[in-house]
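Here subunit A shows up in two complexes: once beside subunit B, once beside subunit C.
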Partner chain A sequence: MAACDAAGIDIPRFCYHQRLSIAGNCRMCLVEVEKSPKPVASCAMPAGPGMKIKTDTPLVKKAREGVMEFLLINHPLDCPICDQGGECDLQDQAMHFGSDRGRFTEMKRAVDDKNLGPLVKTVMTRCIHCTRCVRFATEIAGVQDMGITGRGRDSEVGTYVDKLLTSELSGNVIDLCPVGALTSKPFAFTARNWELKNTESVDVSDALGANIRIDSRGAEVMRIVPRLNEDVNEEWISDKARFQYDGLKRQRLSVPLVKGKDGGFRNAHWSEALLAIQQALKGVKGNEIKAIAGKLSDAEAMIALKDLMNRLGSGNLQHEAGFSDLDADVRSNYLMNTGISGIEKADAVLLIGSNPRLESPVFNARIRKMWLEGVPVYLIGSQVDLTYAYTYLGNSPEALTKVLKNSDALKRLKEAKRPAVIVGPGVLKRSDRDAVLQQVHGLVEKAEVVKEGWNGYNVLHDAASRVAALDIGFLPSARASAAPPAKFVYLLGSDDWQESDIPEGAFVVYQGHHGDRGASRADVILPAAAYTEKSATFVNTEGRAQRTKEAVPKPGDSREDWQILVALAEVLKQPLPYKTLNAVRERLAEVAPHLQHVDEREAPIWLNGEYFKAFASKAGKAAASNKEFRSSIDNFYMTDVISRSSQVMAKCVQAKGSMRQGSYAS
Partner chain B sequence: MGSLVKFLQETYGKKSLLDAIKAGGWKALIDGNVGQTTLVHGPGATLVGTDEFGNKYYERMTEQFGRHRWVVYGNLNWEAHGQEPTTVPAEWHGWLHSIYDTPPSKVPPKKPIYALTQKPNMTGQPGCFLPKGAWQNPEKRNWQKMQMWQPPSRA
Partner chain C sequence: MVAVTRFLARAAQAEPISKLATPVSKLELPTSVKTKDFFRECMRVLPWAVKNYKLEELTSVPELRSTISALFKQHSSIENPQVVDILIYKGREELEMVMLQHKQRHHLIADYIRVPAAVKREAEKRSESDLSPFLEQFYLNKR
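Our next item is the complex of A and B:
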């Protein structure tokens, strides 16, 4: 079949999928091979030299017609009420290859629907037993939950006992299903696929930057589906990326709000809100101003905020969720240097303080793919089910020291041609980060993780905006630590700030799209656009700049983040030198040129380990505490404002809670 | 004539002809339908039963088949809801259209547990069905696709 695809000849198929093992059970891909007495299933037939394959003979036509007739025997005639209608492989192929009439007069089979949790809706009568979902669950998601029971006419796809699909990638079975047996539960009966507007965009639910297609109708995002990008997400996205969109319709901020004297918010015009900020800034010194960027902030907004803050005399810039002063001078120090797809070339992997299953499930699937190919995986971190087996080396910096001294793991990494070390976001959040990082650096040098033509030092991030923040230097300046307690705090979509970040009595401005913790604390709220409503640049954990696109209009009076900041700068009499989005991007390119090369990954330079020495001399000798490594994510389904506002995600949490699988989360 | 008087008295439930005419019997002169059922067909027919809407069901087997059963509506007004065919309950409808011959007044019909009570067609009146988006519908549909954040009450 691959040979025919390469030759540009389409062969109909149901069970065959490039990324899954070959099952050969749908029989739709039958072709005629010369000297073969029977038609051959092309998906399972290796192409040989001199082989003559015929795909348009009467025999093939008859074979396809026959297979289609058999498939349709037990397929219900409910296309008009089926959510797959319009994008159904069976529908399309029945039109192309099916017979014009059926001969079937008996009763159709009926199958009980299975409960696969709050995300995947099942109508199992429609199932044609292609087993794509079963193969996906066992091979890619790594959960042994699905399978086929029964034989022949009685075979059923399902979880063996009534059990939920406990994978963070479960939504992908919806795309894989060629018929309407597995469909999206939140999307059920809300729209037909031909009335949706497709916008190709980028996901911000984790730092992977999965490529997505936003399907919208009018002002509503109706669903989100993955887009093919071999280098980033292949064709999978996590459940959070796929199903958090209903959070975009809840708890939104649509008008500027100003806190009155009585402590209650009142609706305001933009000019009022901006003037209120101007009033509050009167008499506040530059070093008493602080800005905190959130997990979902885009690069344009952060550069505008940085420029504005610098103009106001403040260098106290932070990215929320604590890595306030990570040194961002050398890009290779905080990026995934192998690249997301490049990690597959590695032949030994060490995870340090990371639970990629929660931090980036799609990336975790890649590690699993490597593990299936025999690559050994070592873990220093919390001992959880990562969907693949690993050698557990301990869960504390002490274990790291032990590995560093002498161990099998170190030997294996040293022997490996392309070893990879993955540092999780949990490490960057530790209070003793510098000490732990020095140990990691030592390990990297000792195990020769970086060598000619290979840089295996990887940092996995968990927030979409983090790498962009580091790239443009959205970090506290050298003197920021000496600054007095802030009197004015600017929250750029930040809701996960530490209590110590905002002193009591400080004037807080919250600019963002969801009312959450940040908005509750704020004195002035400026409504901004969410990632589906603006064209903005995000940089993923491997340093690939990607742009979202505006899929739906912004709600109410809200504006794009950079526009708000430019307007605020005008009001504060500190105008920024850009007025258009392109001008902002030019400024971005000045600060970090690679942000202009969208969808391209610029490999960072490795300074031959010089950076490690500089880091060590700067950080000094600090002892690592013996605190256990923890993933930065406790609850996969609720990490940012959008997913916290989402009811679907809340249902997922509930479903997971009711399953009481203690080993599931860290 | 005697049977006519008797019939009118019975139809309107009055003692005298005058009272019956006052109570609405006069309509028989100007309303063809009422006239037909009360004056032409009516006299001499047997009153088979009455339903909860006050509709009276008559039968006279000497009539031509198909005209031998008829209904005199409880409400003989011309305005809305007068002479409304949808007030005929299902069980009487069956008898009226000769689907079966035993009237529900003789053998009470078996009703399934999910059966609803007969509801007349309310078109054009208060209480009529309105689509959920109709502007006349007092239950206003929420067209707002987004739910906005409500600031916490000042505490």
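Our next item is the complex of A and C:
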């Protein structure tokens, strides 16, 4: 079949999928091969030299018609009420290859629907047993939850013991299912695929920057599906990326709000809100101003905020994803240097303080793929189910020291041609980060993780805006640590700030799209656009700049983030030199030229250990505490304002909780 | 509602509009009298128009009166009787369209009623006389 695809000939298929193992059970791809007595399933037949394959003979046509007839015997005629209608492989192929009349007079069988949790809706009567979902669950997602029970006409796809699908990638079975047996539960009966507007965009729920397609109708996002990008997400996205969109409709800020004297918010017009900020800034010195950027901030907004703060005389810039003082001098120090797809070339992997299953499930699927191919995985971090087996080396900096001294793991890494070390946010967010990083650096040097033509030192981030913040230098300046307590704090979509970040009595401005923790602390609230409503640049954990696109209009009186900051700068009589989006991007390119090359990855230069030396001399002899490594994400389904406002995500948390308590098994 | 009945009666007779616009009896009257008469005619229609077009929630009769008189005052400098005649002709045409419901509610709102949001915006503009083009666009939510 691959040979035919390469030759540009389309062969109908149901069970065959490029990324899954070959099952050969739908028989739809039958072709005639010369000298073969009967038609063969092209998906399972290796192409040989001199082989003559015929795909449009009467025999093939008859075979397809026959297969189609068998498939349709037990497929219900409920296309009008089926969510797959219009994008259904079975529908399309029945039109193309099916017989033009039916001979069917008997009864159809019925199958009980299975409960796969709050995300995937099942109508198992429609199932044609292609087993794509089963193969996806076992091979890609790495959960042994699905399978086939029964034989012949009694066979059913389902979870064996009434379990939920426990994978963070479970939503992908919806795309894989060629019929309407597995469909999206939140999307059920809401729209038909032909009435949706498709917008190609980028996901911001984690630092991977998965490519997505936003399907919208009018002003509403109806669903989000993955887009193919071999270098980033292949064709998978996590459940959070796929299903958090309903959070975009809840808790939204739509008008500027100003806190009155009685402590309650009142609706204000933009000019009033900006003037209120101007009033609050009167008499506040430059070093008493602070800005915190959030997990979902885009590069354009951050550069505008940085320029504005610098004009006001403040260098106190923070990024809420914890480790604001990680320095950004050397790009290779905070990026995934192998690249996301490049990691597959590695022949040994060591994870330090990372739980990729929660931090980036799609990336975790790549590690699993490598593991399936025999690459050994080592872990220093919390011992959790990563969907693949690994050698557990401990969960503390002490374990790291032990590995460093002399161990099998070190030997294996050293022997490997292309070893990779993945440092997670569990390391970067520690208070003794510098000491731990020094050890990691030592390990990298000792195990020769960086060598000619290979840089295996990887950092996995957990927030979409993190790398862009580092790239443009959204960091506290050298003098910021000596600044007095802030009297004015500007939160750019920041909701996960530490209590210590905002002193009591400080005037707080919150600019963002959801009313969450940041907004409740604020004195002035400026409503901004979410990632589906603006064109903005995000940089993923491997340093690839990607842009979202505007799929739906902004709600109410909200504005784009960079516009708000430029307007504020004008009201404060500190005008910024750019007034259009393109001008902002030119400014971005001045600061970080690679942000101009959208969808391309700018590989960082490795400074060959020089940086490590400088780092060591700067960090001095800080001692690592013996605290355990912890992932920065406790709850996969609720990491940012959008997912926290999403009902679907809340249902996931609930379902997972009740399953853990055992009340789900019936 | 004398004015309304009179207009409706005329419309029912389907008189050509040219005749309506220049009643023979008034042709000889001085310009100032003709203008005043037409002005009063308009004013008399306003309460009915506000009720008929359900404009109570958006405006009031006195507010409309001042808007209309401002429209008249716009042309106060014109003295050429022929031009005045044409202006009255056009005005009466407009009035007629209002009274015969040829105009709809949104036409009146767009032409004669100042929307509160626009008033607010204008006030903002006045409060910040040195508004930059960017800020102006920003407040109006235009790109």
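Here is the rule we go by: the second predicted complex is superposed on the first by the 660 of 666 C-alpha atoms of A that agree within 3 Å, B and C clash if a C-alpha of one lies under 4 Å from a C-alpha of the other, contacts with A are read in each partner's own complex, and residues count from 1 in each chain.
Just so it is clear, a contact is a pair of C-beta atoms (placed from the backbone, for glycine too) under 8 Å apart; a residue touches a chain by one contact, two chains touch by 3 or more.
Every value quoted in this text rests on a predicted model; they were computed, and no experiment measured them.
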Touched partner set for A:Glu220, first subunit B, second subunit C, both or neither: first
Touched partner set for A:Glu65, first subunit B, second subunit C, both or neither: neither
Partner chain in contact with A:Asp557 - subunit B first, subunit C second, else both or neither: second
Contacts of A:Pro575 with subunit B and subunit C, given as first, second, both or neither: second
Which superposed partner A:Gly263 touches (first subunit B, second subunit C, both, neither): first
Which superposed partner A:Val566 touches (first subunit B, second subunit C, both, neither): second
Greater subunit A contact set [subunit C / subunit B]: B
Contact residues common to both interfaces of subunit A (with subunit B and with subunit C): none
Parts of subunit A lying in touch with subunit C, wherever the complex brings them together: 269-271, 557, 559, 563, 566-567, 570-571, 575, 579
Subunit B - residues contacting subunit A, complex: 145-154
Residue ranges of subunit C in contact with subunit A within the complex: 120, 124, 127-128, 132-135, 138-139, 141
Of subunit A, residues touching subunit B in the complex: 218-220, 249-254, 257, 262-265, 514-515, 519-520, 555-556
